[in-house]
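Let me begin by handing over the structure; questions about it come next.
The chains carry the letters A, B, C and D, assigned in the order they are written, with residues numbered from 1 in each.
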Amino acid sequence: MDFLISQNYVNYVCQCGLLKPLTNLYFCRHCLNLRCSFCCHHEVDSHFCRNCLENIPSSEAKLRKNKCNSCFDCPSCSFSVLSARATTIQVPMTVKEKQEGEESSTTTSEASSGKMVAKKMYYLACLACRYSSRDVGISDQASQNFCWPEQEYMHANRFNTILNYYQALVLHDKQVKQDEKRRKTTNKSKFQSMTDRTGLNVSAIRRQMGFDKTVSKPKNKPASILPSMTEEVEELSEDIFTKPINLKNITTIEQRFTQPANQPESVKHLYPQHKNLSIKRSIRCRHCEHNVIKPEYNPTSIKYRIQQFASSHVPEVRIIKCYPLMPNKSAFITLKLTNPTMNDMTITIMELPTDDEEVMMIDEMKKNFESLTVSSKSSLMRPSLIEDPRIVSCKPTAKLELPDSSFVINQRDDSAEFDDEIQTDKKDPKFVIWRKANKIAIELSITPNDLKVNDEVIVGFTMHYTYSTVPSTTAEKKDSQQRHALNARVYLNVGNIVDYSTK
Amino acid sequence: MPLFETVFQEKPAIVMEIGSAYTKIGFCGEAHPRFILPTEIESIRDVLKKTEKNLYDQAVDFFNKIFFDYLLVSPKDRKVSFVESTITTPTLIRESFAKVLFHHFEVASILFLPLHLVSLSTLAIDTALVVDIGYKEAVILPVFNGVQILKAWQAQPLGGESIHDGIKASLILNGVKDEILSERVIEDIKVRTCFVTKQARAVAHRNNESIQPCPDVDYPVDGSDVIKIPGNLREFALEVLFPEDNDYLGLPYIIIDAIIKCPVDSRKELAENILLIGGTSSMMGIKSRLRDELRTLIKSEFYMDRLYIDDVKFHNAPSKPNFTGWLGGSIYSATDLISNSITRENYLKHPKIPDWIFYDGSSTRNQG
Amino acid sequence: MEICDTYYSKDEFVETASGNKVNRQTVLCGSQNIVLHGKVIVDKGAIIRGDLANVRTGRYCIISKNAVIRPPFKQFSKGVAFFPLHIGDHVYIGENSVISAASIGSYVYIGKNAVIGRRCVIKDCSIIEDGAILPPETTLASFMKFTKEGKIEGGQGTESVPPAMLDLMVDFTKSFYEHFIPSTH
Amino acid sequence: MSRNENKVKIMPKAIVCEDCIIQGDVTISSGCVVHPSAQIIAETGPIVIGENCIIEEYAKIHNRIQPESPDKPHILTIGPNNIFEVGSVIEASKIGEKNIFECKSFVSSDVEVSNGCVICAGCHLSGGQHLLENTVIFGKHCQQREALDRISGSHMLQLDFLRKILPNYHHLRKAKQ
């Protein structure tokens, strides 16, 4: 019943050698090969907040440190989002309201000064763990979306001083070096590069410490910072030995890390945290640099600008049923093949390549790729790298009897969807059980190897299919359609060996 | 912050510190990491552990998460800085990381920064005794005038892991079921209930004198059980860092050992510039305890005439101890020194990462 | 794996003109407020609370055994109100799940024993794992998966949710409906 | 069982839908709302439900604590103003007032719940606990926290609404003393 798991009974071999279900694979139309998310290149396409579903331009996202302005995560339970709750409080009339009030009423301002009006105030609350912004002493706000007080980082100033100091120091050091170069003073010792590399650019510090007297003191030497060492060390409070602790008031490490800057130890300092943004990504084939997926910007859109799913190009194999499997005894499996394309497909089922052949395939692929990059290597482009293709980790544990002839699956026809008629074609070879529009059911015989009870039975085959490229633009002529013969390696997990003694 | 970004580079470098328990990630020039998340590469926590996926695949998955779920940047053509414990990071791991980042993610350059050294830049000093107490081990390395004194390096498996083992063993002795004590639960017990006690009480405890124990805590585990955490465990669980035996390998001893291996004229300065970093050093009371222990040691008969130091002083970095190293990397990478990284072009020519033994200047140096 | 045939006895189910198949042992309160847009299966023990507010589902929805569809309420200063609950097309709701969302998009898979808190918004092409618990007012964006651990993961182009989720759910719900057939005896 | 059925006491002004399962010695105080398909089973001892409680669909309140002696059964007393949401299973030994048991929460028989507590959706609580007032149990690992500021007030308003709406759509059980 669980379709998310059951998908994985049928796996296709991606060109990089990984086994994946067809729904997780892409088909690069330019290389005519299967691709998966592992062997493709991912890029951030657009940023959005997954709570308010607003698209945020990347420059703005960067400025806001990839956080959403208006949504807050609960710092206490980390999996839920805080929602703004409204309360009405009675506040004394403000001057402005007073004036409005005066217009409508005849009472004097003196008399109305004690008058109270209802005002809507907002606070943030978590509906899961009942955390509320009032818990940590944030006062209620008049506006729902903005002006929640930002937390201050206690080390911010000191950090900025140090950062400025170092940046000035390095810049200064660079200037000194350039000056030296200009003067052509060869002051370099061969040990310098060693220490240079390891860290703080020793020469700079030595100079600053006054060790290196040969360098004249340049103009804008950054002022050094007072050291921070202290004898004072935070003492353990005596209370800890006598007072019982309340676990509910001490944060867990997970809660602390929701605020990496302050890492509060008490729940009283758990402040609402701006929600981290999410991304939409586009995926690019590493071989030809074409996109296989490019989503739309709109965060709520489920459409793609470019989508090259393998499931809409490669015939899909499904297991309909399988007879009980016993070691060394042949059994029948029924497979359903679906043609997702608009052209008829001729399919031949063949043996999987042997190990040697597989190695040869990989070598050839590498060579092809290298020749490709060498030939197309422009001076500006940096060479793209591919993932090293691997040998398929899965080994079949049963022998498949190959059908003696190839067969044709009709093209997809959306209008035929409502035809439930099962067609049987006399011309079809014997192993074809039925046809229905673009689907075909075939029956094959398999013989599991010498396996034990409950061992998985895996069969594999190479599916040789014809594929016609559809003209990508309407401008192209129809006869530009090309036919290709492609291969896909398919591994089926047909079930486990049954215990025949109980039968 | 935008000022620096425009002045120095358009895309700020990514700074990571992949610890054995937690990974700190963020951008250079920022005052704190954006995220601290559990390290999800099993081989780092436990090098010998047999895992289904190899290190390369695990690292791809983990970096995928870092780039696309947390930092939200395309790694292509980005600069990456790694803060790492140079001496203790296995070559296999750093080379795998380099391969993953250059091959799979096509980053522009990688800069490996020695943890102990860059930690100093958070204080703008160039001499300190850096004590890193992490999850797997405590590593001590003196840095003098910006040079790491490698021969004085000290490391002992004193850290989060040994504390966790201690807590677990002691709770099981008290009759708590093994299966409810997951790593997460043990860590939570440590973080929320345990602390480092005072020296006097620790001595009394060691000598089996009776002291008034601190209060017990009833700790609910996953809603299915309530276990009692005895006061003794809360107070003395972290004593594993301060063992008193004939090996003399407790934290204070190895700190003194590190100092003693340094030249005499540098010792005083080092002892007065101690910097505590690493996750375990955020435990309550550890700093004051270390100070007391060290003071006792330098006045002890054995060290009196060898050490020639009179006091110890500690630094307070502008950070939480668990990301001090990261912060150093952030400061360092925000300067122009990041141009000293290994670039992708160079890596593709010589796929080798220089380290302490093998150093080939050609792969790190750009011309100039 | 091709979906196996599920047989039901003709006495237990009512089939409407629009192709809805509703088990007789369901609790459809306030049925005048419930709109099932055709080819919807409501299995045994499911409860749809049309009495609280309107409930509308699209085509090819599957509401499994003992699932509870319950419009959410919201508190106002003057009282509470229950809000209508809309479910899109091709949605699968697993056994024993409790749905109090404000809206559920199309092509959504909700596992068994899931709890969807009050006024959640579930967008198209998302997955809720078995046993996942969505706190009230959560938004689950398209192509995201809400896991048992309470984390939201995925996004367009990741493997948490298949990129071709739309086709997958259309195919799944349609063939589920086609294989949901009366037993012949 | 029919003998037990007679022991069900529904106070006036309580709204109890017809198709819920109530077995054994159960007292439902006035102002309560029991939704269809709820279960209240007094197996080993009586259950007394206080005023203004809401018991939703598939919620199951079950008294199955074995009494110390057969003539002194354990009485499960539930205070007023509690909410038992969809699919919650409650076997607690004692429940105070103003608690919320969210969807699919579970409270075992060795747990005592005081007042103002919230057991969040999906939390399973067992193991001899006594929840202090205003405890919130949340998350996958049943973390505890103390609610300082409770969002309250929706309870009575919701009851008012349900009392108005439910009689229009459901057959109700008659109140009897």
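Observations on the structure shown:
To be clear about the criterion, a contact is a pair of C-beta atoms (placed from the backbone, for glycine too) under 8 Å apart; a residue touches a chain by one contact, two chains touch by 3 or more.
Which chain is which protein? Per UniProt: A = Dynactin subunit 4; B = Actin-related protein 10; C = Dynactin subunit 5; D = Dynactin subunit 6.
Just so we're clear, the structure is a prediction, and the values are computed from it rather than from any experiment.
Graph distance from chain B (Actin-related protein 10) to chain D (Dynactin subunit 6), where chains that touch are one step apart, equals 1. Across C-D and A-D, the chain pair carrying more C-beta contacts is C-D.
Of all the chains, the one whose CA centre sits at the greatest distance from that of chain C (Dynactin subunit 5) is B. Put simply, the C-alpha centre of chain B (Actin-related protein 10) and that of chain C (Dynactin subunit 5) have 48 angstrom between them. For the pair chain A (Dynactin subunit 4) and chain B (Actin-related protein 10), the distance between C-alpha centroids works out to 28 Å. We define each chain's centre as the mean of its Cα atoms; on that basis chain A (Dynactin subunit 4) and chain D (Dynactin subunit 6) are separated by 43 Å. Of all residues in chain B (Actin-related protein 10), those that touch two or more other chains are 68, 220.
Within chain D (Dynactin subunit 6), contacts with two or more other chains are made by residues 120-121, 139, 144. The residues of chain A (Dynactin subunit 4) that reach two or more other chains are 42, 77, 79, 127-128, 247, 252, 278-279, 281, listed in rising order.
By the touch rule above, chain D (Dynactin subunit 6) contacts chain A (Dynactin subunit 4) in their complex via residues 118, 120-121, 135-136, 138-139, 143-151. On the chain D (Dynactin subunit 6) side of its complex with chain C (Dynactin subunit 5), the touching residues are 19, 36-37, 56-58, 86-87, 102-104, 120-122, 139-140, 153-154, 157-158, 160-161, 165-166, 168-170. Partner chain C (Dynactin subunit 5) is touched in their complex by these residues of chain A (Dynactin subunit 4): 2-4, 6-7, 9-10, 21, 23-24, 26, 37, 42, 48, 50-53, 77, 79-81, 83, 86, 88, 126-128, 278-283, 293, 295, 299-302, 304, 307, 309, 311-312, 318-321, 336.
Residues of chain B (Actin-related protein 10) that touch chain D (Dynactin subunit 6) in their complex: 184, 220-226. Put simply, chain C (Dynactin subunit 5) touches chain D (Dynactin subunit 6) in their complex at residues 27, 29-30, 47, 49, 51-52, 66, 68, 70, 73, 75, 79-82, 96, 98, 100, 113, 115, 117, 131, 133, 135, 148-150.
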